[in-house]
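In the part that follows, the structures are each spelled out as structure tokens.
What follows is chain A paired twice: with chain B in the first complex and chain C in the second.
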Partner chain A sequence: MASPIEFFSNVEKDSWVHRMDPRVKIIMVVCLGSLPLLFSDPWYLLGWFLFFSLLLRSAKIDIRPIIALFYGALIMVFVYIMYGTFLAYPEDVLALAKFVWRWGPLVATDIGFYNGLILGSRLLILLMPVVLVIATTEPSQLAKGFMKMGTPIVISFILLATLRFLPLVFEVATRVMEAQRVRGLNYKTFKERINNFKFLLLPLFINTLRQSRTLGLAVESKGFGARKWNEFYRDFSMHKSDWVTLTALALFVLAVVYVRFGLNLGWTAIYRP
Partner chain B sequence: MTTATKKVGTVEAIFTKLTAVDLITMVVFAALFRILFMVYKMAEIIFPWNHPAWYFFCMLCLAPAVMIVRKPGATFLFTVSWLAINFFFQGEIPLWWIGAATIPLIPEFYMFMRAKQMGGAKVAFTNLKELIIFGLIYTLLAYTTNMLLIIYALGNPMPRILFWPVGALALVIGAVGTYLGYLVGQKISGLVG
Partner chain C sequence: MQEPTPQVVIDIHDLSFQYPRGTTPAIKNINLQIHAGEYVVITGPTGSGKTTLAICLNSIIPQLVEGEYSGEVMVGELRAAEHPVHELTAVVGMVFQNPEDQLFSLNVTDEVAFGVENMGYHRAEIIKRVDEAIEKVGLVNRRNYSIFHLSGGQKQKVAIASNLAIAPQILVLDSPTADLDPISSREVVNTLLDLRTREPSKTFIVVDSDISDVITLADRIIVMDNGEIVLDSTPVDLLRNHFHELDKLGIRMPDHIRMMHWLSSRFPELTAFHLEEEKVRQILEEYTSSGRLRFTLPPSARSNSAPDNPVVRFKDVSFGYSNGPTILEKVSLDIQHGEFLAIVGENGTGKSTLMKLICGLIQPVSGIIETSGVNTTTSKLEEVLQHVGYLFQNPDNQLFMSTVEDEIAFGPRRRNCPPEEVADRVNAALDMVGLQDSRQQHPFTLSRGQRQRLAAATVLAAQPKLLLLDEPTTGQDQVALDNLMHLTQHLIDDLGASVVMVTHDMDLVARYATRMIILDKGKILLDGTPLEIFSHKQDILAKVSLKPPCMISLTNHLTGNNDCIPNYKWAVDGAIIA
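Showing the complex of A and B:
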């Protein structure tokens, strides 16, 4: 059975992002994954969303096979909205609210809803540049990028293994749950999910470990222990287009920082109790 | 003829002891932690009540992982793995890595000292009492850094009044997770070898 998220379904396509050097992609994701946090104005956040959507589109990324990643983020957005809406604000804040709904100890306000929406949408936006990179890069290329940037081989190997094994574990978990369903276990109600959880644990742990440790032995037999994997079968180097992208990125970062702090735009007060 | 030997630093020496099988084991346990937490989340229990469960699953997976690998540096790599998963599949802020990567340092140091006193890492990492203390330290530090991220970096409007009860609950649940993880570790270390 296939994994519910096909993480690498877009890797084989060809676009300007696919052709980019992995090191540039890593720098890009660090910059673009941090900058939206400087903003809280909904219009600016909408701007970031549209900008990232354009980037995803220009990279020819088909979002359908990886849509489950966004569902996870949407759950977090929902939690933030609920939390913000029903937060126990003091009376002076409630006096500013145009809409107040009370039910026992719960008080919902439009200010709270607005706050929750802003905070939650920032989470969703942060996911987009990461999707841009993982959907367009082979995990091994990304690991090589980290190694070329001076990351120790152990950490690079861990990053590579993470990208490879999460889908594998996901697949094994789905397979075990499906096998249990066939044998009459249900995961429909909340109680069933909690009760049947214990039956999932051991088969999942043992199956995944058996599969992955075999691969570990294969890697070890190819001389990983010497920590001298410095040559690459498919090497890459920075091209002119990569330098152009890096320069454009640096200018973009400077421009964003200037807009936020030089012009003091893009920030509305987020109420914090 | 003399043979040139490569000198390695103390930190590098710790990681040199870890084989590819050890690294993959830690990654797999970190992946299991994230997947189990995801399955639990499907039960639709939301923040803050889902938050202590994070520590339960973390310790449920970390305890058997260190019981199987039984080497210094393993906890650090487990942490790097789940941070990488959070980053690649959740878009978590890369700058936060610097803070979160310090979580395993004190638990690692504690186990390192205990291993020295007890006569070996294998003894320390399979001792239930040591694992529980190790789990409590890890939970406490993870809770602190998680709260710093959730409240200050992401701006979650969590009422401050919940900070202490949720933290206390996280510690208790983290300890339960460590205990169950110990039982799982005992079972699977025999099967996996």
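Showing the complex of A and C:
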């Protein structure tokens, strides 16, 4: 399986998204990340999913190194479905359900099932534009983009540190689990994972903490505390293509808002196929 | 005319520091002056206070690390403790041990620029400084590389460049080569050598328990033990007059220095003490050709194993990750009982993959692997691991129980040993690693050295038939390494175990291994005893950037037929002085 750190190899590729100014990407992730929230109709959400898949593909992004993240999101989708299915709906809503199954205090409905599915799918879809931007931008460029847009240096830096450190946590976890498996702890079955998870936490925490401490000291030793981060070696400026992208994005946002509110499409309070 | 005394750039008075949970001060009563342009090596065993002293210089202590601080550190005109770290950045640069942990950006140029950008310079100045720093460390043609595509040595050079760009007067390097393979170490040392010539007024302070790499660079060596400075002199004076004290402290020294010391103690007319390997070789040649010194050649070493009874058998094994390149290609290999096999080769040649295949952590794409008679592909991991012990580089990856006692007992319990036997094995292992008094402690409350010993104890108690050692020299001083090797030898001699070790340390291979294989591009390039390979295959070793151990290079011309003496101990034990 590809290592999570290899996800950052995507940054070195070249595509129309890679070439964008980081500020345009930030605006894009905010817009594309919030627009799907306006929709609840599963068919429209499927449309968003396909649209983002196409964007990821056009940006030449290989998501295999972080596929675990998507599996994690799928687990969340499952949790939402379970939650939605057994949610205690009022009797007037239950009356609309085509399928009702009661077992003691638990009431499962098709309405709940579909609502859970919709909520979970939105989460999965939200992940996709975030991946699009992270996979196509150097973390430091992204942080500098935030800085140039007026975000306080500390917040920009926290974002940068998070992006730099998350894959390291995955790496440490993989190494610790390997070492523990050799000593006889298994993580193969679901039950083993649950039972042995407690043994993973402390070494993971200690090792990650040690690495983050060194990273923090190294960064501080290079004068980060001076908070004078304002001119950069690699400067960036808006090109014609960035303005074109921004204009296209603005038109797209207007079109989506019109479809949703002007035509009143894509929203359903209670979905029943 | 008398030369002016160099300016004092660091002046330390009565410095002591104790960590919040420490029972004794990490450093105490340090008084020290360091001058501009000096190249100082601070050495000492693990836990002697070297790193603590180093991070007092740029005020990480006490500004970022709390504890009881007393005394004074003056850096130029600045009282270090009164200034936040960033105010000292322009004066004191700091390079940390592991390049992986200290690089913050994903790209060489961004990383080198990070420090200068933090200083608030204008863009033109940032560009000038970054370009100069990249040129100084010789990374011009890699300036746009992702850091993931750099070797360990190149990453460490990026860390050095990012400090150079800030142009501090003092550069502190904490064990800069400790986590690197020999090729990467050489790269870093050559860079430091070059910088010294180019920037003669810059002060370099290198902290390391192994002085092998930096010995020829140093003007001065400061030796620490138990938080105090115990020796402070020139390298020649220290190595000639305080050799045994350094040895006792566990400072790792190259064999040519040991040989030089031995020669000067046996031949009083040798008044000069040389630090360069080439000079020592010349003296040896002179004395052996004149007949005053003769070495006994070792017998052709043969493995003490019983043939055709392998503990590990690889048959045409290939491996590669899905959609990735082939890492191992049709490797066939038998590892016999009682054998001590060293696997060497450049980074990325498949050494670690081979170890993971042996213990069944990963499965081959094709071919058959049998470990202790168990097929690793068709059997469960537990069955494969029944007789395997694996000692990882970082002990913290493999410790997970809540007491030292339970940690050691875990292996025997997993192997279904009766409680009395578990208790016996725990006691024996605790005795061997000297942790009997800590048996109820949480493993993570032990020092790093103790945790390394505990990890070794967990393997010992499990009494494996096969022990896998992953880079055992990393982060260990000589005493700790000797202890580990003693325990390993115990497993081989008393329990008939086999050992497979991945290492970059050729001295270690020459001293302990009975057989070595050299991997290159996923294939076995050479397979034989260390003595055979080091003596007769030096041209092939050079092709894969491996250098024979120091004693081999020193002695391979002395006997006339390319036979060599494998290690310092063998040389001096069998030396005949006319």
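Simple rule for what comes next: the second predicted complex is superposed on the first by the 237 of 273 C-alpha atoms of A that agree within 3 Å, B and C clash if a C-alpha of one lies under 4 Å from a C-alpha of the other, contacts with A are read in each partner's own complex, and residues count from 1 in each chain.
Throughout what follows, a residue touches a chain if its C-beta (ideal position, glycine included) is under 8 Å from a C-beta of that chain, and two chains touch if they have at least 3 such contacts.
All values reported here derive from a predicted model rather than from experimental measurement.
**Student:** Is A:17 contacted by the first partner chain B, the second partner chain C, both or neither?
**Tutor:** Touch partners of A:17: none, neither chain B nor chain C.
**Student:** Name the contact category of A:220: first (chain B only), second (chain C only), both, or neither.
**Tutor:** Both chain B and chain C are touched by A:220.
**Student:** Looking at the overlay, what does A:77 touch: chain B (first), chain C (second), both, or neither?
**Tutor:** neither
**Student:** Does chain B (first) or chain C (second) touch A:29, or do both, or does neither?
**Tutor:** The answer is first: A:29 touches chain B but not chain C.
**Student:** Now for A:123: first (chain B), second (chain C), both, or neither, which partner does it touch?
**Tutor:** first
**Student:** Which touches a greater number of chain A residues, chain B or chain C?
**Tutor:** B
**Student:** Where does A:199 make contact in the superposed view: on chain B (first), on chain C (second), on both, or on neither?
**Tutor:** Second partner only, chain C.
**Student:** Looking at A:182 after the superposition, I want to know if it touches chain B, chain C, both of them or none. Which is it: first, second, both, neither?
**Tutor:** A:182 sits against chain C, while chain B stays out of touch.
**Student:** Share the list of chain A residues that count as touching for chain B in one structure and for chain C in the other.
**Tutor:** 161, 200, 202, 206, 210, 215, 217, 219-220, 224-225
**Student:** Enumerate the contact residues on chain B facing chain A in the complex.
**Tutor:** It comes out as residues 12, 15-16, 18-28, 30-32, 34-36, 38-44, 46-47, 64, 77, 80-81, 84-85, 87-95, 153-160, 184, 187-188, 191-192.
**Student:** Name, in rising order, each residue of chain A that touches chain C in their complex.
**Tutor:** 1-2, 5-6, 8-9, 11-12, 138-141, 160-161, 164, 175-176, 178-186, 188, 199-200, 202-203, 206-207, 210-211, 214-215, 217-226, 228-235
**Student:** Quick check on the complex: what are the chain A residues that touch chain B?
**Tutor:** 29-30, 33-34, 37, 40, 69, 72-73, 75, 78-80, 82-84, 87-88, 112, 115-116, 119, 122-123, 126-131, 134, 152, 154-155, 157-159, 161-163, 165-166, 168-170, 173, 190, 193-194, 197, 200-202, 204-206, 208-210, 212-213, 215-217, 219-220, 224-225, 227, 270-273
**Student:** In their shared complex, at which residues does chain C touch chain A?
**Tutor:** Going through chain C, the ones touching chain A are 55, 58, 60, 64, 84-87, 89-90, 93-94, 96-98, 100-107, 109-110, 113-123, 126-127, 130, 146, 148, 159, 162-163, 166, 321-322, 324, 356, 359, 361, 381-382, 385, 388, 390, 392, 394, 396-401, 410-411, 414, 444, 458.
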